[in-house]
Amino acid sequence: MQRAVPRSLASLDSWSRGSSALHRFDPRAKLIALLALLVAVATANRSIPRFALAVLLFLVAGFLWARLPVAGALARAAVILPFVAVLAAVLWIGGQGERAWALAAKSYLSALAALLAMATTPLPRLLGGFEKLGAPRFLLEVAQFLYRYLFLLPEEAQRMRQAAAARSMRPGIREGFRAAAGALAVLFARSYARAGAIHHAMLARGFNGRFPEMQTAHFRKADAVFAVVASAVPWGLRLL
Amino acid sequence: MHIPDGFLSTPVWAALDIAAAPSVAYIARRAQRGFEESRAPLLGVLGAFVFAAQIINFPVGPGTTAHLVGGALLSFTLGPAAASVAMTAILAIQALVFQDGGVLALGTNIVNMALVGVAAGYLPYALWGGGPRRRLAMFAGGVLSVLSSALLALSELAASGVKMSGGVLATAMALFFVSAILEGAITVAVIEAIERIQPRAARHPASPMHLEKPRFQRSPLPAMIGLAALLLSTVGVLLASTQPDGIQRLGERTGIAARVRMLLHTPLSNYHASFLQSDVGGKVLAGLAGIALVYAACVLVGRAFFRRAVVRNRSI
Amino acid sequence: MTACPLIQVRGLHYSYEDGTAALQGVDFRLDPGESVALLGPNGSGKTTFILHLNGLLAGKGAIEICGMKPDKANLPAIRRKVGVIFQDSDSQLFMPTVLEDVSFGPRNLGLEPKAAAGRALAALEAVGIAELRNRAPYHLSAGEKKRAAIAGVLAMEPEILVLDEPTTFLDPPAQRSLAALLSRLPQSKLVVTHTVAFAEAVCTRAVFFERGRIVAEGGVTEIAARFGWAFE
């Protein structure tokens, strides 16, 4: 799946830096609420249409509270629909047609819920929350660096692709293949060199083998209240 | 192949999340090698490289293009443990930032692609990457990394109750084979191009293992057995999904079902203990067996490959 | 800030792994309060040289930073005294926000988060971008990134600033701004640059590198004229 990495990345990143009340809750509280909702959706078996609609409205309310564009969010979550459609088709062929609708709804709502959590929490803060929860530090550091340079490397690749397109006169498959491999090799070498430069910059500022603790919010009473209430709502909706 | 939320049944995604968590923690510690965290930027930047790499198109036919998936490439250049960590970070970012793959399903996707996919991709390279058949080894690595993760994903869907007819399965397998072969070809092409610029980019496979004198080469064997068992079980699950009554019939024919029913009847007489008779039960059992094998494979592979502490030449 | 004697380099030789001789006997000296420009063609060894000043590379020859030799025991202290600002700001600003990045140095020195943030804020104010402290580095202009990188080094309270081609990617107004900022900072400076006007604005002395050696020393304008280094 070819994504316009910088654009969709930039939009989520800027959404996540808003200042609504929802943005200001501790990432761990939002994570708890998200998991509660995802499990409620995943394990739902009966009267799915009503429940699905209720969850949808709940999430839309969340986006409104977070002062985020609802239409944009709904559209962004819809990016999973093509893949879901394939799986739904498989189900339909196998004679499990109604199940297909239920599963598609579950997929979409799960993606929308995850989007709401991520659109109100900058990823580095979320990683910091995970660190406080005891996740492996090394993995979180890797993810933090990945995110940071995700804003840079794909753009370099994009520029290379445009430059190559401007030069080529419809090459054959062989040449195109070789050119693509060459482009990736250059990108790889640059990435490796950049990692070396980062390492030098770290050492130059006294890095001694261990990164400082990641920044994240402080868990307050308000966060606990939010976590409990937000987790309870989807389960309450199941009683409908 | 990034499974979204909603398609896996609860036993499947829950079991895989539970399997993934300690495996990832273990491998993260291995990749970190003690307390030194200075490799994090390299893994992070190469993770971003994988995203960037997916923008570059490889023409493979009239109007068709493919792109690098990257698991095998990462394992050759970083070693399998570090590659698994990088892939895990990639999958997490794909799920959270791009909604590519579910959150509850993240454990599943990690097991499929970051653990099994990377290990399967590295295996041929570990065995033959140091010798004359290096290109073939890397090609095979690319093929296996995609094929194993795709097959695993398919079997997890089957174990979750997605009925797949023979026709659907055949189409899926055909698509997977094609993607796998493309990944192999792209991986080889890219590594060779890299090595023209950076001669020692892909580490010699023997290097992480050469701390002691070469004794009995025990490293690949348990991993091979684990992987073979894993693939067999996934194939088993897939076949079972095309014959939903097959397991039940097999159970009745061998009398297992009757015996288990008796066993379950006494202590659990109120419990709806006929789950062996339903389609779901058979598949869940097969799925869980597959999952248990995945976990065992991970532990085996982990012990086989990552036991060695490497004294790398560190820059000051 | 204690007056620190100098940088003293004698007979520095360095060859890369593939055998290329990058430095072939460099003698150099920096006295307190000096600002020296390093001029010379690409590949003449300027960057290789400065990587020796904080122990990132180790060649053959005598190096003394404030009287300390760059062996393992002294590296932490040397890296405090010598602050290097690399050419590519994007590889230097690797933390999620500017404040976290500028705090990286102080945290490594052992300061608690609050104290480190205080130092970082002071450094950001010194370079004039305190209001950008919560921004992500990818949201900054080239000039702002360069300032943030300088702040990250200032937060270590160094005595010597080493800048590797700081005007790269900066437009002329940003270059003028940077020159003004550097002139205000009290540290001794080494500036690798190709822009003679920038060197003239910031530095009092220049050395000229050629094929791994320093072949001339003098005033900036004089050296530039001698080697035809100015653009006109």
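For the reader, a short list of remarks on this structure follows.
As written, the chain order gives the labels A, B and C, with residue 1 at the start of each chain.
Going forward, a contact is a pair of C-beta atoms (placed from the backbone, for glycine too) under 8 Å apart; a residue touches a chain by one contact, two chains touch by 3 or more.
Model, not experiment: these values are computed from the prediction.
With every chain reduced to the mean of its CA atoms, the largest distance from chain C is reached by B.
Central chain assignment: A. Criterion: smallest distance from chain C-alpha mean to the mean of all protein C-alpha atoms.
Spacing of chain B relative to chain C, judged by their CA centroids, is 46 angstrom.
Centre-to-centre separation between chain A and chain B, using Cα means, comes to 22 Å.
With centres set at the average Cα position, the gap from chain A to chain C is 38 Å.
Shown for chain B are the residues in touch with two or more other chains, namely 41, 315-316. In chain A, the residues touching two or more other chains are 144-145, 147-148, 152, 194, 198, 202-203, 207.
Touching two or more other chains at once are residues 56, 94 of chain C.
Chain A meets chain B in the complex at residues 1-3, 5, 8-9, 12, 34-35, 38-39, 41-43, 76-77, 79-80, 83-84, 87, 90-91, 93-96, 103-111, 114-115, 118, 123, 126, 136-139, 141-150, 152-154, 156-158, 160-161, 171, 173, 176-178, 180-189, 191-192, 194-195, 198-199, 202-203, 207, 209-211. Every residue of chain A that touches chain C in the complex is listed here, in rising order: 13, 122, 124, 144-145, 147-148, 151-152, 194, 197-198, 200-208, 212-213, 215. Remark: chain B residues 2, 4-7, 10, 13, 24-25, 28-29, 31-32, 35-38, 40-49, 51-61, 67-68, 77, 85-86, 88-90, 92-93, 95-100, 102-104, 157, 161-165, 167-168, 186, 189-190, 192-194, 196-198, 201, 315-316 touch chain A in the complex. Taken together, the chain C residues at the contact with chain A in this complex read 51, 54, 56, 76, 79-80, 83-84, 86, 88, 90-92, 94-97, 100, 103-105, 107-109, 113, 116, 136-138, 152-153, 156.
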